[in-house]
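As written, the chain order gives the labels A, B, C and D, with residue 1 at the start of each chain.
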Amino acid sequence: MNASEALFLVQTDDRKGVLAATTGFFAGRNFNIIQCRQYSDLIEGKYFMRIIVDFSGIGVTRQELAREFGQFAASMQMEWTLHFRDERQKVAIMVSKTSHCLYDLLMRVAEHDLECDVPLVIGNHPELERVADRFEIPFYCVPMTSDKSEQEAKVLELLTRHRIDLVVLARYMQVLSNDFIARYPGRIINIHHAFLPAFQGSNPYVRAWERGVKMIGATAHYATAELDEGPIIEQDVERINHEHTPDDLKQIGKDIERRVLYRAVRAHLERPVLVTGRRTTVFSRRFSFG
Amino acid sequence: MNASEALFLVQTDDRKGVLAATTGFFAGRNFNIIQCRQYSDLIEGKYFMRIIVDFSGIGVTRQELAREFGQFAASMQMEWTLHFRDERQKVAIMVSKTSHCLYDLLMRVAEHDLECDVPLVIGNHPELERVADRFEIPFYCVPMTSDKSEQEAKVLELLTRHRIDLVVLARYMQVLSNDFIARYPGRIINIHHAFLPAFQGSNPYVRAWERGVKMIGATAHYATAELDEGPIIEQDVERINHEHTPDDLKQIGKDIERRVLYRAVRAHLERPVLVTGRRTTVFSRRFSFG
Amino acid sequence: MNASEALFLVQTDDRKGVLAATTGFFAGRNFNIIQCRQYSDLIEGKYFMRIIVDFSGIGVTRQELAREFGQFAASMQMEWTLHFRDERQKVAIMVSKTSHCLYDLLMRVAEHDLECDVPLVIGNHPELERVADRFEIPFYCVPMTSDKSEQEAKVLELLTRHRIDLVVLARYMQVLSNDFIARYPGRIINIHHAFLPAFQGSNPYVRAWERGVKMIGATAHYATAELDEGPIIEQDVERINHEHTPDDLKQIGKDIERRVLYRAVRAHLERPVLVTGRRTTVFSRRFSFG
Amino acid sequence: MNASEALFLVQTDDRKGVLAATTGFFAGRNFNIIQCRQYSDLIEGKYFMRIIVDFSGIGVTRQELAREFGQFAASMQMEWTLHFRDERQKVAIMVSKTSHCLYDLLMRVAEHDLECDVPLVIGNHPELERVADRFEIPFYCVPMTSDKSEQEAKVLELLTRHRIDLVVLARYMQVLSNDFIARYPGRIINIHHAFLPAFQGSNPYVRAWERGVKMIGATAHYATAELDEGPIIEQDVERINHEHTPDDLKQIGKDIERRVLYRAVRAHLERPVLVTGRRTTVFSRRFSFG
């Protein structure tokens, strides 16, 4: 790991000269640009950029880097965020009774496929404590109460106390309140067990069976106030046939859900994702940046 | 081609002994069973079978075969259809102004990927006559009129005159009346340029772009009275990303539409497709039967 | 689980009447045929069948079932095996230092995606003991010795003592001796990290990078005396591009290896796999039979 | 079509400042950078770039643009090529007796999926003249002769006379001499009907069947002096099963060959392909540039 790598995510209005000015900013300071991706959304008139630079041996602190780029960005009317490679994000996983996504995420953290810390797992039922135990992750059971805001307050307190950066709903099966979502904007990833926008809402596998579709899918998206309407990060599908019952679809769907949620969390951690309205830009990436 | 091969498609209530009785029927007459596929739909309590037999050298005529199996099937309360390998289906292709599906189907007939005859192409606009001409297929332009039934009557007259077995709507872009559909039940295949049930209706690529999906698809289904609600025969998808505009989706979608429509028409021609309600059974097949 | 289900795997010479005779055998005894798959290999002149029957309420013991079918099969010159649904296979997993396949298999056993018992994990290095520990599976370290037969003797003793039915080489990274393989014919599954027959042998990811392929793959096969030449059970691939280094290929390959090995083990456990020479018949299956 | 768009393909040694200098070159002349892709091959120490700029309204001619960039590139030790959007490439298709790739390519030219001119089709047999006729493309039959160089001389004369930019071997089934290949370096695309490097040489489908693989593929590559060893542009695969005979593989393979060859030709025409040694860089592209 090279601690002296910095990643900038930039959005601005699409116009001439943005790329040259930005690369010039870094070249003028003698930074090495490790990778640079850009994309002009001609329909919305927006310009997106993801730049990774190496600032080792240059004698600039992180604060100075942020301040200097901030001045440049202000002069260019850019929105931007800055991330350093040696910052590890803290991820909370929220679950209910279904274990497959939780197992998969914890295995991938253990395998270093996902570079992040998981300080806790929160369940609204006690069943999955044994899974968290196997990976030595603290498990907190916060059961649903008649007053939902009470339960959510307890969850929020846990998230705050553990300085959580990202919340992953790994088949949590509960709709979060708007207040909760507003506390982690663009930082709650949900997995829906259907190929959205088909089969929004409950029981998608039964409904897929009834409609007689020939493929089923899963969708990972940022949670927003509207259920299953948030910006999509990743989707995938698998072919099925007439022989598969709704239970078979559920079984087949487990693998789709696992890989879609994993890829979305990984994309978020590596920071190629920019959100505009209901759409996401997910830059292809060679350099992971967990 | 072995002219003495017969294919039976059978549906009946699921119960003990159907397979043994049916294979016994053929074995008792010394027929060789070339292939046999069965499937029990335990949810609906239905049994489906597709049997291909060779009746050469047995001294039974096609009429006798149909009569004898008919008696057996009646005693078993089976619904059935019988097809012979040397029967070629007559297929009419209906189009509007978009040529990619028409080109693909005609090329595949020329290539013997689709074993059928195409006696005519019907367009509601004159533009695609040049495509039909290239393959020496007669083209009839039957433009839309203020009274739709008048236009449909002309089309139906053409279909009847050419003894059409199957109608393929290759981006015909018009909703057929229920009366029309009732004339060819289970014999009109439509291609919808979206992964149904997502994006039913018009402009699916624009709506897919707006929703920010990460894959787009196409769906071939039998046309029924309800738009885009007919039994699905085949679906497929392709991965897209944030850079693709609605026009790009349309371009990418062309290939998905081509292959989905082709596979559905081929499946219909080879007769592995059985319909129950909104669901289709599409047996996997090694032995084509065009 | 329905304990009174029996599965027959049958091979014989392809000829008339086999299906009718076999289904007649079961129908005459009033068994319900739950599923029946057949396949004629016309090139080799072989006939393969997989039949699942329910023998509950018929008053026949397993021994009687085996004896009666054995007599029938002898009269038909059939090779056959018989399996009962409530028999769980015992699987030994052999590993070296690489954990991803081991994690995946143990997770899938815990999740009931794989219905089998894993009485032990055997490593030729001690590193993966912690993974086995997390799933409470006994781990035995049997390091390589200068005399390979000595090490293999220890492994064989463990396999025998635990009455192992299936050996899974989950990136074991050692070539087994012919004597070892002969002890478990058709019962050792290996994962090779390339799309065989491309890149047989060592360092396939580096060689794939050097050749500039656009997809990489993995292959699960039965181990035979010739390295990487055994009958293939399952393969899969993933698209790569010019940006991926050999290390990236290794990382991407982990997911391919995981799913290919899982599917192969599952196929073996559910018993749709029949081997003839270097080729396998893997029947598609709706009814798992672990 | 915007005629005032220019595309630069650049290779140079990987080092600091290349991107900033290059974008600065264009920004200093007030060009709009429509798209810019870069890639550092850290293993080979090479830097690749593909830049599309709009030079309308700037008052620079194409010659001036080439001269000025040439001076800049020389100062940077860059290798480069320059292309203009309104230049259409001339493509010759060479065939033998198999029609599926030829049909597909001609259909895609007619459909504007491939933006190029096809002034002629050259066959070493007369059979495919009828296919070329359907699309009104002149067909030249140049049969093989005992002296291969004589036949190749005639072909080369045709290519020269029609000022051909790209030669597509659409199942030409003959090995070209090194002299021939040297005349069109990096400008001859061949389709091999296997997933290279597996099944190099003849009869790949039969050998795939014998080996019992579970997927088959096709590979499009630049022809080089060594058979089936040229830099790969595109590959794809499809799943097969035990039921498929070698003839089935051939039939399934037709679709793989069609789409792989199409994508490779399209990639070449849109100019995202750079070759280094046996490896190709194929930039993902939103802006086609036929």
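FYI, a residue touches a chain if its C-beta (ideal position, glycine included) is under 8 Å from a C-beta of that chain, and two chains touch if they have at least 3 such contacts.
Predicted model, so just to flag it, every value in this text is computed and none were measured.
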Distance-maximising chain from chain A - centres being C-alpha averages: B
Pair exhibiting more inter-chain C-beta contacts, C-D or B-C: C-D
CA centroid of chain C to CA centroid of chain D, Å: 42
Distance between the centres, which are taken as Cα means, of chain C and chain B, whole angstrom: 37
Junction residues of chain A - those touching two or more other chains: 39, 243, 245, 284, 286
Pairwise touch network: line, ring, star, complete, or other: complete
Chain C - residues contacting chain D, complex: 39, 41-43, 195-199, 210-215, 217, 231-237, 241-243, 245-246, 278-282, 284
Chain C - residues contacting chain B, complex: 16-17, 19-21, 23-24, 26-28, 30-36, 38-40, 284, 286
In the complex with chain A, residue positions of chain C that touch it: 99-100, 103-104, 107, 110-111, 113, 134-135, 243-244, 248, 251, 254-255, 259, 284, 286
